[in-house]
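Below are two complexes that have subunit A in common, paired first with subunit B and then with subunit C.
Moving on to the complex of A and B:
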């Protein structure tokens, strides 16, 4: 009888047996702390509040190849191409960037090379609590590849930077990319991330992105999670904002990835910051889409605004957990959070958990959550004008997502997302 | 054009239409009046196929076809139009996109090709002018931010665009000031022809000074209790509805 070693054991062994020559001392320490955290706790179970609605264990049973190289990627085609998007194109193969990309004022480098720079120590891994987040800990302990995007002081990047992640799933792989974004003082960058998967074996991506928005800087971050059904994505996104900075996040999870778990954590580490978090999930089949967000108001006069909308078809499941934490010093905070869901099937399930914790006394905060079906009156109105039921439903789903899709600042991205919604809705009801 | 025979319907367990008979021919305008809760709007809902209304008896023929067999969208495609009492706001659906979709779905039903963008635009301008509806429609959501009067005018504008055979105006006059009322009525009058027909549901005789009906029917307790020429509306205005109610209530006791 052959017993297969558990994924957990494989990672423990991998860490102990790896070559560590490339790392700086601080990075070694960082990995060690993270490894201790992961080895102590292992993968999260549903007994943890943070994972109560999401059982990750079925997705970890594959016999994954843990350290895939980039070499096997050939004949690359790019279905994540976004029509009419005028952007600087960056392609990562299994998380790896081959050489530096230089745009005026913005440097994009392979993580390995960049980490030799001691200055990155004050940004990299600084704000993630690896004690609390096992997947982020695992990534920190064992990440291999990734990129650093660094915008110089006062640089306004003229075009979006489009990062296409290409993953090779011709065999089952578990891959741990890592991204660090630094927008220095008074800079502005727009980043659009999308995913391309080659092959149809199980793919597990455990990604960590850190984003540091310095004083008076602006980062617009678009996460387009459109991947085939063999994809399982755990995405930890840690953002830190300094005084007067602006951060906009757009997380759109559209079919067909089997599993998506997003953690988006904002530390508002200065005064007068502004943050907008827009999320849209459209899930069908047996998809599970889980969004966890935390917004930490630590200083006065900051504004955060969060709007997540979900449309669920078939047997799809979704989880939304949003937490706004207003510390005692964070007076004059404006913090808003809203999660709206439409269930278009009797079997679809959503668990929504909006939370507010306020320790300051002069704040404006609100949170709300709704789960419902399409407005029957609106459906009837459209039908009474000769619009067929399917078309009417599509119009209403588009209208429902409009609050989130119309916030997309890049027209080509907006059109791309709207088309994908229409296509999915048409597929869903043509069956 | 429309032939309603002994139409009965209920909502949940409440019988609301108790045997309606009505014949509407092309070129005619029929006014249906009656106190609150008499079943006026319910009649409109049953004819257009609103979900929670259940027909329990009778028949409705529309150009010889069994209207009640059609889905709401196919009733519209067959040429039936309802101007809603409370037009709904649908944020995120643009007026123009909505109209184009509706028009083209109706055309497709009749095996006609979709309208060219240019032709659609021309038609939109023409009809907007016809019904004096100058609200900017591009980049605006359906009825969103429209005043009560604008919403009602938008209904008449849609009517003009879709060019139905039979239009039901459900209390289109309620909540309109006199200017808006005149504009809406002018629109309807311009759209009247020998080929189409209107059923005007209203509370008030005032509207009927502008849209002059050929027939007036009084609906009470789910039945048409009196029919007459346009003068009947004046009589109702003068005497109220009580004189209508009495004989029915006594008769049913």
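Moving on to the complex of A and C:
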């Protein structure tokens, strides 16, 4: 636990000196609890089991600006543009949305105005244990901007909603955006998030996303983490699923963000739910990609399926920690988890920690984890057919990631991701 | 049903006392025995009344001086113990384990207990008859007739080695098999060189405690190129109330040698918890192979989880030379808490490590066990097979580490850990850690958790096998991969033990 850095002091002061008039009482309490949790523990150190392989302190040494205004978009060529993607486009500037966006049955509003609505109290911050997760606590205590996406009952959104986060890093900034997604009964939405960074000063994003999937609802959530190397991203994603709901998460961490830490927590709060978590990380340079997932089976007859695959080049490091927790009441649970890693460099490091904690007996649970290199026979086979070594490698990496990329249900997104993988692999071997 | 030792040469009858005589029959008639044992409580909870030479309760430097003086140890060993004690004082109790660690009052334990009359005997007749009676009850083959069993036993009765058999036969080959205290006197150079070289005195709090107060244990040295002609075996038994046992085992296999070592335990029934913090160190030099098998059946406590042994053991082996091999096999059915991770440091190139484990927990038993494989040399291989069985309110955790260093070219690991759940109040947990720093390494881990299939039970029921026996059969099949690794006699016994342990947990 790190409480000695100047950044820590800055946050403590920021909290004490901020204006609190805008908040509802419940929100004040929520912030206060979260602040106490953060001020008591500080930033996590590697002595915490959850951060055992990830030392975050080097990324916190910058002299960050803590309350940036809205980013300007002038002259921006949008690298997050996904060709041929037919979607409702929403642009957030430093986490800020200027006005409500209304799509048939789906309301997207700035967090500040939305939080005036007392109904949000039963969703916002309810399922995050700020005691345990310091970054989520910090965000809860001090978040400024963000959005609320709310899909009405029985609404099936016809197109995906593409949220582009634009961050202005012309000076070193620490940004804490917050997103709340509510899919009411029997609704269906698809959300695609991508990141654009302007400027090349260090950028630290401490994001919290909450997603509430009501009965019979379906949410597909795509997280495309493609950002330049000055980006440091801590992303806490809390999902709550009610009876018969379906949640799909796709997390793709591609170059070049220096540090990405994803916490994806699923609380299966009803029976007959289904959840699919797909992750792909392709890291090169000095990137550190850290994925932590927790699937909490609390009720009977739920299915969860998790597949995370990673390819590591250069000095890249990857951490995977997956935890499946099956409570005693969660009989007839099917829970699967798999993590496969390919190391393509002798300096790359993988730490994999799949975990099962099971308290019910009538379950089918399994996990698997592998770390290895490209199959030599497969490589030889391709070469013997006249395919050059580089092309053969790229083909094998493409095949390896296919298990995850072919799960993408939006063709334009799939193509976009596949292209990025191919491009990175081509670069890697051209050097 | 007294049975004659019939099987080919080896009859294994020392480990489970009166049970020994049934073992041979078991193969054809396991059903009767199951019935017979289904009503029984823990079988081996008798206490022998022998005058003990017990150190006063409490732990301080004086205790260590007392032990050292009692054992007439050289100064360097005393210094080492004191160093370990200092490190014990500095270390906090761990908190990362997956269970609540009961508060252990280290001052409430007596750290030394020895049978009083312990002159060296030449003849069995000279041995205290009551002691012999105890061994008879345990079925330890000390007498001539039992040499047929082909097992050399270094019997540790509470802490001091009382009688050692087969020494002569082993001596001819140059094999040293004795108690540690004897080895300290007779082979100080070996002890000084290897003691604490695998598990340092400061390794963890329990290992430090052991190093400070260890009472006795076994020492094995296999010289260059010798294949040990028999299974070596030590038999431990906690006897005196509130005497934690702190034994230390050191096995050295010199270049090109082979040894298979067995360890098995039962303990008398007690109300107060007893702590058992042993240390086992294995050193395999070039081309040597050590096979270490354990059947652990310490008293698990009653149905409420009262009493029972805390089994906190540090076991580690190191493959020093190229092509060395260390294999751990364990069957853990007893103890209130079993907490150990037999590990292998694969230092030599092309060395290999294996870990086979069956852990059964029922009632309120807890097992947090697994292994660590450190791949340092190139071409090193490791294989981990862990089978956990949880019944009643038992909690079973597999915790393992596979670490591949950057120089471990072409290292290979395969891990499989399966959990079987019987009843809806037990738990099975898996916490593997996989760390790879080498691109040519291949690491595989897989784990499954499930209950016994209803279709399997139905099939067996349909063939006229009742549910309880069906479960025993399925569990044995499930654990077969591990049991097969045990020396034959041990395997038979372990199989039996599994069935009995699971008695009454079905339905």
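Just so we're on the same page, the second predicted complex is superposed on the first by the 421 of 431 C-alpha atoms of A that agree within 3 Å, B and C clash if a C-alpha of one lies under 4 Å from a C-alpha of the other, contacts with A are read in each partner's own complex, and residues count from 1 in each chain.
Everything that follows uses one rule, which is that a contact is a pair of C-beta atoms (placed from the backbone, for glycine too) under 8 Å apart; a residue touches a chain by one contact, two chains touch by 3 or more.
Source: prediction; values computed, not measured.
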Which superposed partner A:384 touches (first subunit B, second subunit C, both, neither): first
First, second, both or neither for A:371, with subunit B first and subunit C second: second
More subunit A residues in contact - subunit B or subunit C: C
Which superposed partner A:400 touches (first subunit B, second subunit C, both, neither): first
Which of subunit B and subunit C A:341 touches, first, second, both or neither: second
Which superposed partner A:355 touches (first subunit B, second subunit C, both, neither): second
Doubly contacted residues of subunit A, that is, touched by subunit B and again by subunit C: none
Complex contacts: residues of subunit C adjacent to subunit A: 96, 98, 404, 406, 419, 421-451
Complex contact set, residues of subunit A against subunit C: 49, 53, 328, 331, 341, 343-373
Complex contacts: residues of subunit A adjacent to subunit B: 375-378, 380-389, 391-392, 395-396, 398-403, 406
Footprint of subunit A on subunit B - complex, ascending: 48-51, 71-73, 75-77, 81-82, 84, 87-88, 90-93, 97-98, 101-103, 105-106, 109, 141, 158, 162
